[in-house]
Structure formats: C-alpha cells, structure tokens
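What follows is a pair of complexes built around chain A, which joins chain B in one and chain C in the other.
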Partner chain A sequence: MALNDAISHKCATAYKLISSLRDIVSSSRAGNSYPQWSDYFLSFCERTADESLKYIENRLEISKSGDEIECKIVNEQLSSLIQSWEMLHAFINPVIAADTLKVPHPLISFISEHIGSLNVVKDAKIVIELTPEMNYHQHPLTKLRKVLTNPPLNKYYKKEPRLGFLGLPCSQSKSLFMNCQLYHEVGHFIAEETGVFSTEWLDSIDSQLKGDISNSGWAANTVQTWMGELFADIIAVRLIGPAYTFAYIEQPKLLENLPEKQILTFGIDHPADSLRLREQLDILKEDEWDKSQISSLKQWEELNRIAAIKQSDYLPPIDYQDDAVMKPVWEKMMSFLCQKDKLKEIHNLAKKKTEDRIRPTDLFNAYGESISEYLSHGVVPSACRKNGEMPHPIAIINSAVYFLLSGMKGLFDIVQVTEKDKISSLVWLEHRVEMWCMKAIEDWLVRPR
Partner chain B sequence: MLGRRNIRDSMGYVTLGLFTSALLDELLKIKKNPGATPEHTQVIKLTIDSLNAIKSPKAVDKQSLPDLVFQDYQEVSTLRKTLSSFSKSIDDIVKTLNDICITSDSEKRSKDVYDAILFFMELAHRSIINAECTEERVPPGVKLLGSK
Partner chain C sequence: MKKEDLKNSGYSGVITQDKIKDLLEQPIKDVHSLVITPRPDKIDSDSVDLRLGSYFFVPRSHRSPCFIPGITIPQYLYHEQYIPFGSYLVLPAHYTVLGATLEFIKLPSDVSGEILTKSSLARNFITIETAPWIHPLYRGCLTLEIANVSNTPVILYPGVKIAQLILLKTSHDTIIDKKDKIEGTYVGPVRPEPSQLDKPEKALKSLGIKPENVFYPADEYLNDEVYRNHITMLLERWKEP
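Up next is the complex of A and B:
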C-alpha cells in the first residue's frame, strides 16, 4: 500500500475510534449525572475528541500536499494519536459506569476536598471509576496528564486541575466503611504525583541487591512495588485513621478466621498482610489510637495479634514456597524489605508527604462519643455540634466504624426490626448507619464557610 | 492495540510519541521556511531543557520537573537506544536544536533541521513500536529522575 493510501486508511480508523468515543461520552452525560470531577473529565474528553478530529483532517491535508518526509511524519503522528486515544479509552469507560447513583457521592467529594488540602497534591480532584473486579485501584494519572498535555490533546488541558482516578468495586458502590480503602489508592496517587520512588532510588535498590541476587533488576522492581504498597497503607492510616485498617481487615478475603498461612504469605505485588498490618499498627499507636475507645474493639485485639507475628514466619509467594531455587531468592528480597532502616525510610517518606494533615485522633476524640450517641438514637450525626462546628467527616467515619464494629449498641432497641437475629436485618441496619453518616458528611460539605 | 497490555507500561512510550509528534511539527515548519531565523519555540525549548535535565537531574528546578519530557524510565531508555543507533550523544542533539534556532546560515539550518527530523522520526517510531510491545515494566510509583 502506498504511503498516502496508508495514511488515508489510518485517518479513517482514527476518526472512527475517536468519534465513537465522543458519542458514547456525550450520550452518557446527557442521560446521567456524574460527580463533579468525573463530569469535568468526561466533558474534557468530549472537547478533546473534537480537537483530535480536526487534527486528523489537517494531517490528511498535509499528507496530500507534502513530500515523503512529511508523509512519514504524519504517519507516525497518526499512530501516536491512535495510541493516546486507546489509552484514554481505558479511563473513559470506568468513569462512565460510575454515575452518581452508583457511587458513595459524599465520601468521594470529601476525599477530593481532603486530598486537595494537602500541600503535596494541592487542589487535586478525584475522579471515581467503577470496576468489575473485587479490587480497589488507582489509575496512574501522572503519566496520563503528560499524554493529555501534548498536542493535539492539550488545547483544553493546560490549566486543568490534577485529577486522581480511583476505582472501587461495583459491589461496594454505596458503602461508607469498606470504601475507606480508597485511601490506600490515594496513597498510590500521592506516590505517583510526587514521584516518591524515583528511578535513582530503584537503581540504588538494584545495586544493593546485586551481590545477593543474580536478576537484581527484577528483584529491585518487586521490592519497590512492595514498598509502594506499604507507603500507600501508611498514607491511608495517617489520613483517615483506623477506619482504613479495619476496612482492610474486614475485606471478604481477610476475615477473622482466614488461614494463618495466607496472612504470612507475600504476593508478587503485595507484601504479606501481617507485615502490612504491623506497619499500620505502628502508625495507629504513634497517633495514640491505643488510648482511645477504638482499642476496646475485638478487631484491635486481632490487629495486635496479627502484627505480633515474627518476620521469620513470613512466606514467599505461594507458587515458590516449594521451589528450591527461587524460595531463597524471595526470602532475600523479603528480608531486604523488612530491614528496619528500609521500613523507616518508607514511614518517613509517607510522613513527609502528609505533614500538614489533620490528625484523625484529635477529631475522633473531640466528637467520637457524641456521634456514637447520635447514631444509637438513629439521628444523623451532623446535628452533633461542638462550639457550633459540625463534626468533621474524619470523626464521623471513624465513629461510624467504631459504632458498627462494637455492635451498634442501643440502636436495635429503638429501631423496629422484626427479626433481630436475621442477617438481613443486621445488614439493613448497618446500611442505614452508613447512610446517616454519608448524609452527615454531605451536610459538612455544604456547610456555610 | 494498546488494550492487550498493561496500560501503565505503555504510557511512557505513548507520551514520548505524542511529544515527539509535536516537535516534528515544529521542525517541519522550520524546514518549509529555512530562510527565516526561527524562535526558540516552547516545544524546542522544552526539548532542550529536558535533554539537559537527563544529564544533570540534580540541577533541575523542582517546579519545572512535571513539565519536562524524557524523564520517565521508558522515555529515557528509548531515547538512549535511539541516540546509540545514530551514534550521537545528548549534547549533539542539544547543539543541533540550538544551532537551528541561532544560526544565520540557512543552508546549515536546512541540514540541521533535516538531521533533527531524521533523529526524532526514529525516536517517534521506536516509541510507537515500544508502546505496542512494551519492553520494560515500570514498578508502580517510579516516576521521574531526581524526584525522590
């Protein structure tokens, strides 16, 4: 095929892809309402699609009148444009799925405000996605933004806010408690945005592992991935407190009676749960949660038990536990990560990134008891004021978690539940508590300022 | 199709491809009018700053870090491989780009523009191919040189 024909063909392919995506976005926006920053992103995609379509038409003109070099350049430019839209494709669909009826809107708005108040990611905004998987995730925004800031996608992007793309499982679309796990994804977002783990640092890990492990590049990548997970956990606990840790413990895969071996086993992408919870507990103690009501929960006891497991009991990923060659390699990597100075470095990085946070313990101590009292009477806790101030969402969330995990004392007595022992009644009541707290968070968000 | 692979691992290459496309547009404009002394346009200046930052990441102003290109793991490795295939150094490319903007000799400018176009076309091509067949996985969190 002559180059000019190939270009015409590529132009048509690109045009079809982009105009189809634009139509999908337009019809979704017309038929649904979206959280503010999701709508903002979708609107940006619409406008950028229009710009890209004009760019394609312009490339076709250039190729018709240009020499061989110009045609070759146009050919590469069209390939890059198609690739960038293929990339946007992966962002657009999960955002379209997450309309306001399917996400915990007040919580998402609060996370956006909360994160945007940190100096390191000043004014960042959260775009929420729904995922079919039973996992929370963070889409790497930083590089997407670099894609978007390049021509021809950049016309509308130059002064845009930082957007963080966080995904939650579709089954958790209305939960307050379990969605506190989004704060872990916030940790990944902060790592990505602020370049916590630099290429130089990766090289340094590589050189430290070189003597012990022959494929040190692969090992350094894995260790750095584990470090990223610990960093995200620490960020989450420092920002939202035990609500994150208890949501983590309450994940279906990690319920109380799970096999001990699972807690001890490292994954290819994640450190062992025992190590992760131990590091979280360190932060919780540093923030003096052990002196609060929270420490009376049986989950706190369980957390302490898991965190006390010895490092020497940790196990390599399941596929390598009986592998005579690879098992010692994984063990070396695990020991490397668990060195005190390495863990301290991760803690220090996370603390530095969140040094201007509001300490969750202070808010819980100020409002916790009153919020529990309100919830036990079935009252939306925004009515509980201290010096005229509504309770802060961080206090509401942690108090709700305490109230739920401590058995919702008092509430069963005043709410008409026909069969108190039925799971469906319990789940219904828990859902009500979460909705009341969600309403209180919304009240806080729209308060006069 | 990018959808077959981990998007994260392709993104650095896609970014590089897009940026190089923009730079090639600038170079084409100069090629069409070699008699006029071109300005250090934003894209050319950003290219020069970014190339210089690879050589001395510590000297980079942290404020300008997010704007720079060629700072991601994949961008740098693709750039290095292209430099090697042309037997050129970063300094050679910076000099060519600077010369294009300052020389009053239009013949020299035409030659420099042609050389620069060939180099960045190859870089664009490599980034497009690499985006389709990602060579190196980047660990989550790794972002820029000198950004710890």
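Up next is the complex of A and C:
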C-alpha cells in the first residue's frame, strides 16, 4: 500500500475511534450527572476529541501534497494520536459508568476536598471510576500525562488541578463503610504524585538484595510493590482512621480468606494480611485509638490477635510454598521487607506526606458518642452540634463504623420492623444508617462558609 | 406558656417561633425533641422554611399500560435524577416529579406537621404536596410531589426555599411510655422514595372481596383467543422445571 493510501486509511480509523468516543461521552453527559471532577474530565475529553478530529482532517490535507518526508511525519503523528486515544479509552469508559447516582457521591466529594487539603497533593481532585472487578484500584496517570502533552491533546490539557482516578467495584456503589477502602487508593495516588518510590529507591533495594538473590531486579520490584501497599495502608489509616482498617477486615475477599493460613500468605502484589493489619494497628495505637470507644469492639480484639502473629509464621505466595528452589527466595524477600528499619522507613515516609492532616482521633473523640446517639434514634447525625458546628465527615464515618459494628445499639429496639431476625431486615437497616451518614456528609459539604 | 405547661395542658395549636427554637434545643433522647437538619438560619413566627433537595424521580416512558398498585415496579415509572446545587431541573408545563426536602426532620411525639407550598412559588402555579400531613415522631426528608400546573416550563434550583413546615401541638402525647419508636411505611428517607402500595387483593380483603373478584387492566383481553394463547405461552415459558 502506498504511504498516501496508508495515511488515508489511518485517518479514517482514527476518526472513527475518536468520533465514536466523543459521541459516547456527549450522550452520557447529556443523560446523567457526574461528580464535579469526573464531569471536568469528560468535558476535557469532548473538547480534545473535537480538536483531534480537526487535527486528523488537517493531517490528511498535508499528506495530499505527496511530499514523502511530510507524509512520513504525518503517518507517525497519526499513529501517536491513535495510541493516545487508546490510552484515554481505558480512562473514559469506567468514568462514564460512574455517574452520580451509581457512586457514594457525598463521600467522593469529601475525599476530593480532604485530599486537596494536604500540602503534598495540594488542590488535587478525585475522578471516580466504576470497575467490573471486585477490587478498588488507582489508575496510574504517569503514562497518560505524557501523551497529553503532545499536540493536539495538549490544547485543553492543564497540569492543575491534579486529577486522581480511583476505582470502586460496581457492587459497592451505595456503600459508605466499604468505600473507606478508597483511602488506600488515595495512598497509591499520593505515592505516584510525590514520586515516593523513585528509580533510586528501587536501585537501592536492588543493591541490598543482590548478594542474596540472583534475579535481584525482579525481587526488588516485588519488594517495592509490597512496600507500596504498606505505604498506602498507612496513608489510609492516618487520614481516615479505623474506618479503613475495619472496611479492610470486612471486605468479602478477606472474609473468604479467613482460614489462618491465608492471612499469613504473601501475594505477588500484596504482603500478607497479617503484616498489613499489624502495621495499621501500630498507626492506630500511635493515634490513641486504643484509648477510644473503638477498642471495645470485638473486631478490635480480632485485629490485635491477627497482628500478634509472629513474622516467622508468614508464608510465601501459595504457588511457591512447595517449590524447593523459589520458596527460600521468597522467604528472603519477605524477611527483607519485615526488617524493622525498612518498615520504619515506610511509616516515616507516609507520616511525612500526611503531617498536615486532621487527626481522626480528635474528631471522633469530640463527636463520636453524640453521633451514635443520633443514629440510635434514626436521625441524620448532621443534627448533632458542638459549638454550633456540624460534625466533621471523618467523625461521622468512624462513628458510623463503630455504630454498625457494635450492632446498632438502640436503633433496633425502636424500629418497628417485622421479622427483625431476618438478614434482609438487618441489611436494610444498615443501609439506612449508611444513607443517614452520607446525608450528614452532604450537609457538611453545603454548610455555610 | 412554659414547655412543661404546654406538654400537659391538652392545648392544641400551631407552635410559634420561640417554642420551635426551644424544641430544637432538646436532647435527642427526649421524645419531645424536634430535629431539622441542616438547621435553618431563620425561623418564621409560626413556620420553618424548607429547601429543595438534589434528588428527583422523573417520570419515564414505560411499557406498562398504567400504574397498577403493588404490581408495577416503580423503577419502570420513574428514573432517579441528581441535580447538583447550582444547576437546575426543568419542569415542563403540566408535568410532575417527585423531589424531597433538603432538610431531614424528626417530629416530637406530641407534635404533628403540615407542609405547604411557599406562597411565592404557588403564585407561579407550582404545587409541592398533595399529602401534606406529617405524623408525630416521623423522621426523614419529606417527599414532595412537585407539579407544574401552569402553561409555562419552570426551572427549579435545588437548595432554594420551596415549602413551609407548620408544627401543631397535638391535644395529647401520642406515646404513653415515653419511648422513642420509628414506624410507618417510609422510615427515615433521605431522598424521594416511590410509593409502596399493597396489591388490590390485600387492600380489599377487609371488605370481603375475594381475589378472584379483583380485576386487572388486561383481563378484558382474555376473551380474545390470540391474547389468551399469548398468556398461555408466557406461563409455559415461566413454568418451573
């Protein structure tokens, strides 16, 4: 095929791809409302699509000159444009799926405000995605940002506000409690934005592992991934408190894993749950949650039990537990990660990134009991006031978690429902409590200021 | 009149500003406490203004020939819509939507409430409520049946004042054990909630109407052979293995 024909073909392919995406975005925006920063992103995609379509037509015109060098350049530009839009494609679809009614909107708005108040990611905003998987995730942005600096995508691209793309499972679209796990993804976002785990960091792990492990590059990468998970956990606990840890314990996957062996087993991407919970507990104790009402929960007891499991009991990933060659390699990597100074380093990094946070314990101690009382009377807790101030969302979230995990004391006695023992009644009432708390967060967001 | 006197007097009537403020300050564990949240910045002499919330149920074109109580799935009739503060909902002429107040309320055990359209809105032929009565101890945001009965489309901004709440002291307390309770069909809603009606068989049972004597809109077509065959075929398809 002559270069000219190839360009025409490529132009048509690119045009179809981009115009189709533009139509999908426009019809979604017309029919639904989106959280503020999701809408901002989708609007950016619409405008950039228009610009890209103009760009394609323009490239086609240039190629008609027949100049071979020009044609080669145009060909490359079109390839790059298609690649960029393929990358955007992966972001657009999950954002479109997450319209306001399918996500815990007040919680998302609060997280955006909360994160943007931290100096290290000042004014960052959250774009929410709905994922088909049962996992929460943070959509890394580094590669996308790089392509957005190329023409024609750069016309409407602004470096500020920094957008963090966080995904939640579609089954959890209305939950308040489980979605506290989004704070772990916030941790990954902070790590990416602030370049915590730099190439130098990776090289340093590599050099430390070199003597013990022959394929030290792979091992260093794995250990760094584990460190990233611990870092994200610590960020989450420092920002939102035990609500994150209890959501983590209650997540369906972990409940499935409850046989002891599973809690002790490392994964390729994650350290063992026992280690992760131990590190979270350390932060919770530093923040004096052990002196609060939270420590009376049976889940707190369970957390202490899991965290107390000895490091020597940890197991390598399940596929390598009987592998005579690889098992010792994994064990070396696990021991490396579990060294006190390494863990301390991760703690310190996470603390430094969140040094200007609002301490969740202080908010919980100020409002916790009152919020529980309001919830036990079936009332939205924004009604509970201290010095004329509504309770802060962090206090609402942790108090709700305490209220739910302690069996919704009081509320069950006053609600006239038939068949109280039925699981459907329990789930219905839990959902009501979550909605009341979500409403209280919404009230806080629209408070006079 | 002091609060204690009011409680015990058997006096019944509209509650005024000072009393409303007093009731708002009562601790939540007191069954005579009143909650309005977010707290209004101003209370009128004998009423409290309530604002429009952000969630709506908007009618949609649907497959059902009509609404059949207890059978038609409400989601077939309405779709939920969220309008962020600052944006607006267009209410075409002669159109109705379900909305809710921004304020969540909890009434005392000896106070009933009535919700009325704000008069300035009513003058633009907007009505917000056809079932305005609120029972003592009710809690939740109030569902509004918003209708534009004018000939002109109107836009509605969430967050603007739309209703006024009148509080009325009942002649006697509705509970005798002073214990809080939550009952009723709609428990603590924070968004508009569609109706939960009984099926006609259940609703008419108290009148001695037998199920075989209750008719449905499509029953008349059963005389038609084609329709009858269609129903038979559907029943066959749904038969359990």
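Convention: the second predicted complex is superposed on the first by the 442 of 449 C-alpha atoms of A that agree within 3 Å, B and C clash if a C-alpha of one lies under 4 Å from a C-alpha of the other, contacts with A are read in each partner's own complex, and residues count from 1 in each chain.
We take it that contacts are C-beta pairs under 8 Å (C-beta built on N, C-alpha and C of every residue); 3 or more make two chains touch, one makes a residue touch a chain.
Please read these numbers as outputs of a predicted model, since none were measured by experiment.
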item: Which of chain B and chain C A:133 touches, first, second, both or neither; value: neither
item: Touching partner for A:84 - first (chain B), second (chain C), both, neither; value: first
item: First, second, both or neither for A:5, with chain B first and chain C second; value: neither
item: Chain A residues touched by each partner, larger count belonging to chain B or chain C; value: B
item: Partner chain in contact with A:322 - chain B first, chain C second, else both or neither; value: neither
item: Contacts of A:68 with chain B and chain C, given as first, second, both or neither; value: neither
item: In the complex, chain C residues that touch chain A; value: 28-29, 35-39, 41, 80-85, 87, 104, 106, 139, 141, 159, 179-183, 187-188, 190-191
item: Residues of chain B defined as touching chain A within the complex; value: 1-3, 7-8, 10-12, 14-15, 17-22, 24-25, 28, 31, 57, 65-67, 69, 72-73, 76, 117, 121, 124-125, 127-128, 131-132, 137, 139-148
item: For the chain A and chain B complex, residues of the former touching the latter; value: 69-70, 72-73, 76-77, 79-81, 83-84, 86-87, 89-90, 140, 142-144, 146-147, 149-151, 153, 188, 191-192, 194-202, 220-222, 224-225, 227-228, 231
item: Residues of chain A touching chain C in the complex; value: 33, 36, 100-101, 105, 373-374, 377-380, 382-385, 390, 414-416, 432, 435-436, 438-440, 443, 446-448
